[in-house]
Structures are given as structure tokens and as C-alpha cells.
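Both complexes shown next keep subunit A, but they swap its partner, so subunit B is in the first and subunit C is in the second.
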Partner chain A sequence: MFLSFASTLLAQSSDWIAPTIDWHALAPELVLVAGINIVLFLDLSLEASKKWAMATITGFVLLGAFIPVVTLAVIGDGTRSMFDGRYVVDDYALILKALFLLVGYVVVLMSQTELEEGGYYQGEFYVLLLSSVLGMVMMASARDLVSIFIALELLSIPAYMMAAWRKRDEKSNEAGIKYYLLGVFASAILLYGMSLLYGATGSTLLTDIGAALSDGDLIGLEVVAVVFVIAGFAFKISAVPFHSWAPDTYEGAPTPVTAFFSVATKAAGFVALMTIIFIAFPGADDVYEPMIWVMAVLTMTVGNVMALRQTNIVRMLAYSSISQGGFILMALAFAGSPDATGAALNAVIVYLLVYAFMNLGAFAVVIAVSRKTHSGEISSFGGLFSYAPGLAVAMTVFFASLAGIPPFAGWFAKFNAFRAVLDAGTTSAYVMAAIAAVNTVIAAAYYMRVLRVVWVEDVPDGDTSPVNPPAPVVAALVITVIGTIVLGVFPDLVARFGDIDSLTGAFGG
Partner chain B sequence: MLVVNFLLLAAVLFCIGVYGVIARRNAVLVLMSIELILNSVNLNLIAFSLMHGSVDGQVFALYVIAVAAAEVGVGLAMVLMIYRNRRSIALDELSEMKG
Partner chain C sequence: METLTDQNWLLTVGVFLPLVGVLVMMFIPRNEESTQKLVGIVTAGATLAVGVFTLSAFDYGRSEDLQFFVDAEWIPVINSNYTIGLDGISLPLYILSMAVTFLVMVYSWDNMPDAGNPKAFFILMLILQTGMAGTFVAQDLILFFVFFELVLLPMYFMIGVWGGENRRYASLKFFLYTMFGSAFMLVAFIVLYYNTGASSFGFAHLVEAGAFIDRDVQIWIFAGMFLGFAIKVPMFPFHTWLPDAHTQAPTQGSVILAAILLKLGTYGFVRIALPMLPEGAKAWAPVLGILAVIGIIYGALGCLAQTDMKRLIAFSSVAHMGFVMLGISTLTTFGINAALFGMFAHGLITGMLFFVAGSIKHRYHTLQINKLSGLLVQAPHLGWILGFAAMASLGLPGLAGFWGEFPVILSAYNPGFGLSEVLFRTLMVIAAIGTVLAASYLLWLYQRTAFGEPSAEFSNASSEGGVAHSLSSAANEHDDHDEIYDVTPIEWIAWTPFLVAILVLGVYPQLLFKVIDPAVTALVSQLGETLG
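Moving on, here comes the complex of A and B:
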């Protein structure tokens, strides 16, 4: 047996030919890799007084990686597939790559001042941030279990370190270790599922797995594999009941890092889940649909109910981000229904794009205000309008958008998600839509409570000196406010993203 | 067939690992339990690779080993950092934040 196996190996090695590499399609990743090295080596030679330059360089690296994404989209000559379809650059991948690079850029703007004033390790931080963004950019193109796993770890491992960045602060320590242990545990569960998936189907390529799972009824091994893979990703997107790490990690980590986690790593988890569900699991919809249905309902309900009783704004935003995750997940629960498939993919992508702007913006306001108040309590935002009207208006835009009030972008994301659910047209879809509608009202209650504190209540300590947010944070606020308003008024800009055709190989297509 | 024995061993290792993660309160023991799960994954991958007669599973296992090493590096650094600040690595004492 071993002899025959050795001969199989030799036979495979003899006809090995070097893969053809499409350098243009890989350019965003290559720019990021070069940028990581530049930042790392410049950091070694730069003296402490010039470390501020690191943030600027990191920003340029992210913008530099954006250029090939744009050129690829403009040339638009269809799908570029490499390594036997294991790494694919299609419209779906390009939109998400652009999203991750933009989120990375805004997070750099938000963290610059915080890192400088805290005297933290600036160069190392940006190296880790860029590595994590590289993992996300790879995740958008990964179409194989191995490359999905590598991308997931590349984006997670730097994130564990960023959560624990204030290393003398016990809260930050706790945030880091909780995120690390649960994240690694989730990866291990996911890997076990992947190993069973490989065993049941004989391939690690998603399209092959999809073909094998669609072929006749599922056997027990395949069911277990699908359940484990979905559960593994549920940790990453902090879906209830796998969410216990999220509030503590979000509260303890530095605020810009929290913004990064709640938007970027969560979006990356959704991207991986989407890719796997649409390409590899079309034949397993009987298994994943009920599972995701239950998770989506629990996630939005538990997230909202817990958010209602928070007094710390970052912790409230943590629970709010969990419940928003439930709304994103809601559409995926009907990904296998023939009527809703296309709408579900579109709903998730639009939601991720819109959510990135409004949630990053909410965190930018928190960063700007807590620089003055040195407090994370919701009551410390009292009377914000009287001494910082600009910030108060920005905050209103973001929170109204999160609550789904037109004309801010959030309404369109929610509308799309509801449409996808209702397109499915089954009883479970109507029940889901009803539960989600109730949850939208609950969510509006706690967003409005914060806005009432901002507009109506008095300044708690009578200190009405102006806030003066640093220039990079103002830039982040401008980008996110414009994004939130423009996408809300002209939703057509994003509505066409995420057609089912843009994801190569979805449902065997 | 021979493969079933490997799979059973891997399943047992996986269960021991999950039990360890849930039941242990020492951070280093939790890390070791996670390593057990990852090793059960490797056993699975290699057994399936043998069954299918393809190298994919073995390549995957090599990646898992390399990434596991990186993860443990970060994990031990974090445990050390916590030990320096608190003189303890008991996970149930980590409860600064509640609610």
C-alpha cells in the first residue's frame, strides 16, 4: 500500500508544471507585501521623533494597493483564475478587496493620534495592521480550503496581538487573551470540519466540493463537516451562541482596533462564509439553512437585548455590532432557496459595504469625544451638541443610519436584507422577517437613547471647552459621513454590486 | 480498513482537546488542548490523503503545522504578558469586564 502510495506521489511530481501567474491580478497583494516590508524596515532605522511618518507611509501603501484594484475593475476582462481555480479574481473579489483596503485606510487615520499620544509601538502596529488587511484581501479571492485557512490565520493572528496592544493595561490583556483563545479554538473546530470535508469529497477545491456534495444525498460525514465549518466561522462573525468573546474584546482593546474588528475582521468572516456557502455548499442547504436561521434570530435578538442595558458606549456598540451581524446573517439563511439566491448574495455584500461606513464613523466619533472626556460612559456624551455641534451631527448621522432611518445608508442595507428574505417566500422566511422587524424597533430604542443624551441632556461636569479632534480623525469622519449619506441618497451606486454572476462558480455556474 | 482506526483516534483526540479547552482554567493547559485538536486534524488529513491517494491532505497538514507553530508563539507571548501583570495565568480570574 505504501509502495503504491509512493508511486502515486512520484507520478504526481513528474508531471508538475509551473503555474502561470497573472501578475496584474496579484498586484494588490504584492503591493501590500512590499509595503509590509518597507514599513518594517523603515521602523527599524527611524528614530522615535520621526515615527509619526509610519502612519503616512502605511496610508500610502493601502492607497497604492487600491490602484491595481481599480485598474482591474476598469479593464474588466472577466474572471482571472490562477492555480487551477484556487485563487480567483472576479468582480466579487474586487469589490471586497476595495472594501478591505478602504477600511484599513480609515483605521490608520483613526489610530494615528491614539498611538502617538499613548507612546505605543507604532511601526509594529502598522505592520500588523497591513498583514491583517493582506489576509482579508486574500480571503476575497481564496477558493480553496487551504487558501481560505491561510487567509483566515493571516488576518487573525495579527488581530490577536492588536487586541492586546496596551500591554500594561489589564483590560487590554484580557481582551487579547479572550480573543486569542476563542479565535484559535474556533480555527481548530473549523479545521476539523475542513478535514472531514476533504475526506468526504476528496478535494480541497471549493468547486469540486460543491459538485461532490450536490451528488446525491448527504452522508453523515458530510453533514458533520458542514456543521463544523459553519460553527467555526460563526465564532469569527461573533454570531450567538459563539459571541461571548466579542463584548469583552471590543471593550478592552484600543478603540481604533475595536473599530477594525467590528468592521473588517467581521466582514472577512462573512466573506469566507459566503464563498463557502455559495460555491461549496449548494447541495447542503438542508443542513446549513436551519442552522443559520437559528443563529441569525438568536444573534439579532440577544445582541439587541444586551445592548439595551449597556452604560458604556463601546460595549453598547459591541452588542450593536453583534446584532447587525444577525441582520447580515439573515439573508444567508435563505441562500439555498432558488428565488432568493441572487438577492441573498447582493444583500450581504451591500450590507457589508454600508455597515463599514456607518460603524467606522460611530467609532470615530467615540474616539474624538473620549479624547476630551476620558470616559466611555454614555452619560459623558451629555450636551455634546452644545460644545461640539459638528460631532453631534456626525454622531446623529451614524446612529440614525445604524437604526435604519432614511436618508442615511443603513435603511437601504436593511431594505435589501428584508427583500432577500421575503423573496424566499416560505413560512420560515416570513417568521424571520417578523422577528427582524421587531428587532429593528428594539435597536432604534437604544440608538435613540444615545442621541437623546447628545442633544437634550446637560453637560455632566459643565466643561464646555471645544473638543478639537486631531486632523486624521476629522478626515476619517469626513470620509465616513460622506459615505453614509451618499450611499443612502444614491443606493444605486452599490445596489448593482454582488450579482450572483460576479461570484465565479456559485451554484455550479 | 486501516483508515477507520486513524479516524477514531483523531476523533478521540478531538474530544479530549475540546474537553480540555472547556474544563481547564490554566491558560497553558488550554493552549495544549488546542494543540491536541490541531493534531487530530492533521491525523485526519493524512489518513484521508492515504485513502484518496492524493497529496492535497498532506500539503494541508504541513500548512496546519506551520500555522499552529505561529499561533502558539503568539499565545505563549500573551500568556507571559498576563503573568507579568498579574502573577497568575488562571483564566477564571480574568474578569475585569462584565455584562
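Moving on, here comes the complex of A and C:
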């Protein structure tokens, strides 16, 4: 009966043509979907003693999804556009998909031991992690308000649960609830903005919106819509003044999950913001530029000043990641000025890639060390250099990179952000550059203070037994250390991915 | 300006060879301390050997040209290349950095700071060496920036881990000050890049195109660079990190800091700020001159007030770097030549003074000037070396220091490109007074520490030590007051090259001037093309 109904429906809409689906372009998502089901069903049938295999399988799923990304990139026959341009696979999407898959893989490495030893629900955790990564991978390709929103929810909802994963821990529950409430609130604002945008322009397709907004002056409704959409994403990227959830959530969530939030979900928020700004809002630069300018200044400054006062390493990293977000935003504040568009896009992409390596690495060290010290206080890292020189050097690499000191990758990310801002060449750009320069110094103060504890201070309880990080964490450390150093010495490896020439065409704009 | 590309592998090897040593040392267990030290010293020695070979391969007839020139693709997206080369301005400093690192490492053979761990200490020194040498050969702003910053972390850890009691404060202060300057310097670099057509970060291009930037813009860009370089020099009023860093740093750190790191700032002025921004330089020259002279007087007065020997030497650095900056600010061939000579001489002399201070600290466990006396009685060789270095430092003719000070003062009589003669002649007079003050604080220091009888505390130490030897059972009680011994063989090995160089350059300064002069002449004539 249903079939006959469907066929009559199809027959009636004679101009409806089934969309051609480019299976190769969708392959990364399909592999992830298949992987999610495999992990889910295996989890039901595996006995408890064999649950450790879940992490390995999840890792393989992520690597499996990586293969089509690579083949798509190697074949490289330009833009693959589907569903009337609502879902696009281009170089921009591919590099970001690769980033999300890689981050997912490193997070699996980091969580494996933590979950095994904590007796957490491993199978469910990995299903949620994979779902969230799927949302991110979709986000990279989404070119339509609806698909962006679906991708955003798909990556956020599992994240709410992952934040509360240590369910007997009050702080973890607090983290989950806070993240959930503010996340839903942000989604509501975003959705409201999107609906206004649809109402004002009559389309959900980003390119159509872009054309409608560029057509003459903005009307009041459009201005409100743009403001609401940007505010909605500002929650996701924890930009000040929408950042208040971040420190509590980061502190309460299990550390690998925090690493995931501070890198992957944040990057996904930036990707969405970037896609919308570059495709849909070129005509609204008078509205979003000042707004992002103010947010960027506040974000980097407030994040830094708060980070200075922290005594807990994870909270410090939370504020530091807020402030790093300000540096990423900084370039977007000049995305509309004709000179700086290309540089701004390049700056954001490069920053996201580099930031993923160094921040994940920093969390990996924290995980490794706190397995021994059972403490999150910065002082518990005292004398790390004397009993675990390898970890101390790794930590030095990551923190120096976060502070932007050559030859570690962070310097190039910061440099590129400065370059994008100064490319605009306006007074507001110079003011922004000066504020950011001062902020680099403030940031250096707290990163160096941690390194001072690591290198100079005495071991707090005199316990100098060596740290033996589990093999997966070591693997995560090796990946991130090598990434941070190699990208710092040969920044061109990432810099070319943000090349505007290959991207403006891909954006269809 | 032409570029010579013969034997252009030399500089790359010279710069990165120390990192090979670092790699080797990473795989040697930490407790094999003498192997660690040996590998470190051999690496530094090999690097120096490459440097000596560079010295012999250098074409002195064309020292105004960049030699051993390499221009390879590095970060095409931002038009930054791996461009390196060496000319008369950078050659002396490049070689000096290699020699100083090697000698400091030799000195560390049996003078490790208390915190121990030679593995990390030697590795940091080798990384530092790569950063220093790289800064002097870089011919691309971004490459320069990377090397310039590379020295930050190793020095931060050297002060922080192996330093004195107040090392936490001193190391962070050093780091944040420098970071502050270099952040603005980087901004200035990028603005310069965009104002010259955004086509290259290479020095050659920027020197050519920079002259066409509007004067007002040049002044602003110069301001950014000024912050970066002036903090590194350090010029008054940005000098406050220096006394703390020097006082708290281990001897090795102080020597490297004084001999090389401070020169990165003055080198930046000569190599980058002046030629790329001629109008900006001219507008800033009076400011540089005035701050330099304030530095000379302030540093000297600061010296007179110090009670700690190391702190005194640190303040004397502020004064000496003031002379260097005064020479640069005249924008004349004569002044810049003298400034570059002064940089080299200050590196040798102040480095030597810090060595002596370190050895005194090692023996007496204090550097309080009022507790020290009679050095010439207890350790005559050490006392003589201190005297020699102090005389060189105060600018005694016949020693290297003289050629860094006297010509600078002369050059201020006739500043270049229509700079105010009244102003610079006034500065000249004040700077001359500064030399008198320098003589007074150094002689006073020497008088208080070297002359007279050894103070009761330490003379007892040595005689009681003698008694203790005979009553061997009591020996342990006097461990912290070892007998005051004279210069050890290792110290002789490390110090002799410094002493010889100070003397040779003092007697025959032409040895250095003839290398520097053609390059400086080319630089100033290039300035003249814009400034007229």
C-alpha cells in the first residue's frame, strides 16, 4: 500500500528527478555510518572482557573513512556538487574532513585506556564519538542552512552525553548539563536567525542567500538574522561573551572528551561560521565585521586574563583555548575587505589544522601525567622534567607552540592570522594587530609559567617514580609532536590548503 | 650588490650541524655524563671548524657582497624563502657565535652549574647556537624571525633551571620582555611586506622597495622594529630585564647572552631597520642617539651603585651597548663601522668578565663586592685576567674595547644625512663623560676586589683548609669553603682565545675593520641614494 502511494506521488510530480548521488564523494560519510552500526552491534554481542576491541575497531573505522578522503583528493577532479549545491565536496571540504577524522583518531587513542580503566561504557562512547565525527565531516560539506543545522546537531548531541560520561562524578554531570542547556539555547538562537534569514531571502541555499544579501542595502530583518546566526555559532566556538559554559564543561568532562571539545567541536563551529560568512554573508560584511572584531578582541583578552589566574591545568587549557579562538576569529573580522579575503580564509584553515595538533598534544600530556599524579593542579607537574624528561619535552613543544614560538607550528598559525589582519590595511586592522600582539605576550606568560613548573620546580610529593603512559597515549603523543614540529619547520605543508584560488571556485561563489 | 653562490652548502652545514649533535645526544642515556659532554663539545668544535673553513673560503676582496648565497623555496604561500648568505657585516658575528659556544662548552667540562644534568644543558646550548648562527645568515625576514625567536626558549630554560636563587622571576621577565618586542617586530615585518608590494620577504627586495614607502609609514614600521630590537639590545628604557637575567643566569648563560644574544638586536638595526627604512631611520636617529647616551650615563651610574659584581657587569653592558647604538644612530660609515667593531669587542670583553665573575663565584660562593678582596694575592692569575678584561672594558687604547668606543664618539661629531650637528655634538660630549665614568666604576671594582688582603672569612678558609688537611678527620666540615685556587687548565683553554683576540684586535684593529668596512660603505651609500 505504501509503495503504491509512493508511486502515485512520484507520478504526480512529473518534474521531480531523482538526485544523482556521487557515491565516491559520499564515501567517507557512508563508511562512518556503516562503522557506527558495526560498533553498535558488536558492542551488544561482545562480552565485557573483550570490550577493549571497541577502541581498535573505532580506530579502523576512522582510518577507513580516511581512505576515500585521500582518493578524492588524489583524483582531484574539482568540485563535486550534490543536491543542487547543498552538499559539496571540494578541496576545502576534504582538508577539513581529513582534519576531523584525524582528530577523532587521536581522541580514540587518548580515551582508550581511560575508558578501560574507568569501567565506562566503551561501546556506547565510541558510537557517540563516531556520530559526532560524522556530524563534523558533514559540516565540512554542508552548503545549506538545513544541512548545516543537521550537521551541527549531529555533532552536538552526542557531545552533550560525552561530557557527562563519568556519571558518578558530580562535576562531570554539571559539565554535561551546562553544555546541554547552553548548547540548546545556542541552537535555538541559531535556528531563529536561520528562519529569519530564510524569511528574508526565500532560500536556504547559501549561494542564494549570498546573492540576496548582496543585492542592494540590507533591510532590518536581514541584519537581525545575520546577528543571530553569528551569535548562535559564537556559543559553539566559545567566543566571549558566549563562553561561560566552556571552562566548567572542560573541567568536568573526562579529559579526552575535553580534548575533543576544545579541538574538534570548536573547529566544526568555525567551519560552519566560515562557510556561512564566505558564501552567504559577503554582502553583510558591514554587519558581521564589527561584530566579529569586538568578539575577537574580547575573546582573546578575556580568555588570556582568566587563564592567567588558573591553578588547574585543564581549566587553564580551557581558557587558553578560548583565547586561541580569539586569534582564529581575528582573521574573520576582515574577511569582507577585498584585499584580505584570501588571507583570512587561509589563516582560519591553517590555524585550525595547527591548533588541532598542538592542543590535542597538550591534553595527551595532561592525560599521561595525571595518570600518575591523580591531580589536575598545575603544581602537580612540578619537577616533571627530572623524572619524565620525554613528557616534559613534549609538553614544552606543545606549550611553546601554543605560545607561538618558532620552530613549533603555532608560530605560523599566529603569523598567518596577523598577516590576514594586516592585509586589510585599515586602522581597525592595525589596532587589532596591536591588541593581538599584546595578547601574545600575556598568553606566553601563563604557558611559560607551566613550563617553569615542569622544568624548575621541585617534585611536590617527592615521588619521582617514572611515568609509564599507555601505548595508545604514546602513539597520540608521537603523532602530535611530529605534527607540531614538522608543520612548524615546513609550514607550507598546511599553508597551501588554504589557497583561495582553489576555494573560491569551489564555494560556487 | 651581487651574490656569490660558491660552496653554498657551507652555511647550511654551519647552522644546522649543532642539531645533529642534539639528535645524537638525545639517544645517549642521561647518566653517561662525560659522554654527553664530549659529544656536545665535539659537535661545537666541528661547527667551529666549519666556521673556520668558512673564514678561509670567504672572499675578503668582495666582503660587501653576499657570499655562500642560497635561495631555496620554503613557504611559497607567503613568498618567504630559505635565503641565506654572509657578508662583511655578519661574518664576524657568525664566527664569534661559533667560537663562544665552543669555548663556553669547553668551560662547562668541569664547571657545570649546581643543577647538574649536562645532557639537557649541552643540548640547549647547541640549539641556542643554531638560532644565533641562523639569525646572522638569514636573508629573509621570516627566516630571520624564526631564528631570532629560536634562541628564546633555550635561554629561558638555561636561566630558569640552572640560574641563581631568583631565577624564576628573572627568566620569565627575560622571556616576556623579548616576546613583547618580537610580537610588535613581527607586525612591523608584515606591514613592511604589504607596503612593498607583498611579493617577497627577502632582504634584497625589501631594501630595494622599502625606500619608496611614504615617510610617515616608514616611521611607524620603524617603531615596531625598534621595539623588537631595542628590547633585545637592550636600550634604555627597556633594559630592566638585563641585570636580572645576567645576575641569575649561570655563567655560561651570561657569557652567551652578553657575547651574542644582545648583538641580535643591534645587528637587526644595521641589517634590517636601517637599509629597509632609510627615511624612518633618519627620523628615528635622534631618538636612538638620545636613548643611547642616556643608556651610557644611566648604565655607568647604575654600575657605581651595584654591590654585586655580576650585576655591575650587566649594567656596564647597558652602557657599552649605548655606545654601539650611538654609532649606529649617526648613520655614517665611520659610526656604523665602530658600532660593529664595538659589538664584537663587547662580546669578547664582557664575555670574559662574566667568565671571571663565574669563576669567582665558584670559588668564593659570593659575588658581593664588599666581601671580596685580595684576589691578586689568593689567585693572582685570575686577578690579572680580571684586570686585563676590566682595562679592555673601560676602553684602554691597545685593547679591543678602545676601537668600539673612541671612533663612536668621534663619529658623533659629524652625523650623516643632515642630522642635527648640535644635538649629536652634545651627545658626543656626554658620551665622552660616560667613558670617564666607565673608567671609574671598573677601576673601583678592580680596586675593591683584587687589591688589598684577602678578607678574613676566605683567608681563614684557606688556612683552616690547610689545617684540616693535616687533621683529615675534620676535612668535611670545610667543604663549602674550599681552598681558593687559581685558574684551572680548563679555564685557561676556554679563556686564552678571548684574551688573545682582545689583545690582537686592540693592537691591529684593521684585521676586523677591513672585513666590515666595505659592507658598511655599501650600506651607507645605499642609504645615501634615498636620503641624499
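Assume the second predicted complex is superposed on the first by the 487 of 509 C-alpha atoms of A that agree within 3 Å, B and C clash if a C-alpha of one lies under 4 Å from a C-alpha of the other, contacts with A are read in each partner's own complex, and residues count from 1 in each chain.
Note that in this section a residue touches a chain if its C-beta (ideal position, glycine included) is under 8 Å from a C-beta of that chain, and two chains touch if they have at least 3 such contacts.
Since the structure is predicted, the reported quantities are computational estimates derived from the model, not experimental observations.
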**OP:** Look at A:K50 in the shared chain and tell me whether it touches subunit B only, subunit C only, both, or neither; answer first, second, both or neither.
**Re:** neither
Subject >> Which superposed partner A:E153 touches (first subunit B, second subunit C, both, neither) >> reply: first
Original post:
Looking at the overlay, what does A:T204 touch: subunit B (first), subunit C (second), both, or neither?
Top reply: first
Original post:
In their complex, what parts of subunit A are in touch with subunit B?
Top reply: 1, 4-5, 8-9, 12, 145-146, 149-150, 153, 157, 160-161, 164, 167-168, 170-171, 173-174, 176-178, 180-181, 184-185, 187-189, 191-192, 194-196, 198-199, 202-204, 247-248, 251-252, 306, 309-310, 315
Subject >> Complex interface listing, subunit B residues touching subunit A >> reply: 2, 7, 14, 17, 21, 27, 30-31, 34, 37-38, 40-41, 44-45, 47-48, 50-57, 59-60, 63-64, 67, 70-71, 74-75, 78-79, 81-82, 85-86, 91, 94-97, 99
Original post:
Residues of subunit C touching subunit A in their complex?
Top reply: 30, 74-78, 120, 142, 145-147, 149-150, 152-153, 156-157, 160-161, 167-168, 171-172, 175-176, 179-180, 183-184, 186-187, 190-191, 194, 198
**OP:** Would you mind writing out the residues of subunit A in touch with subunit C in their complex?
**Re:** 346, 385, 389, 396, 400, 403, 405-407, 411-412, 415-416, 418-419, 422-423, 425, 430, 433-434, 437-438, 440-441, 444-445, 448-449, 451-452, 455-456, 490-492, 495-496, 498-499
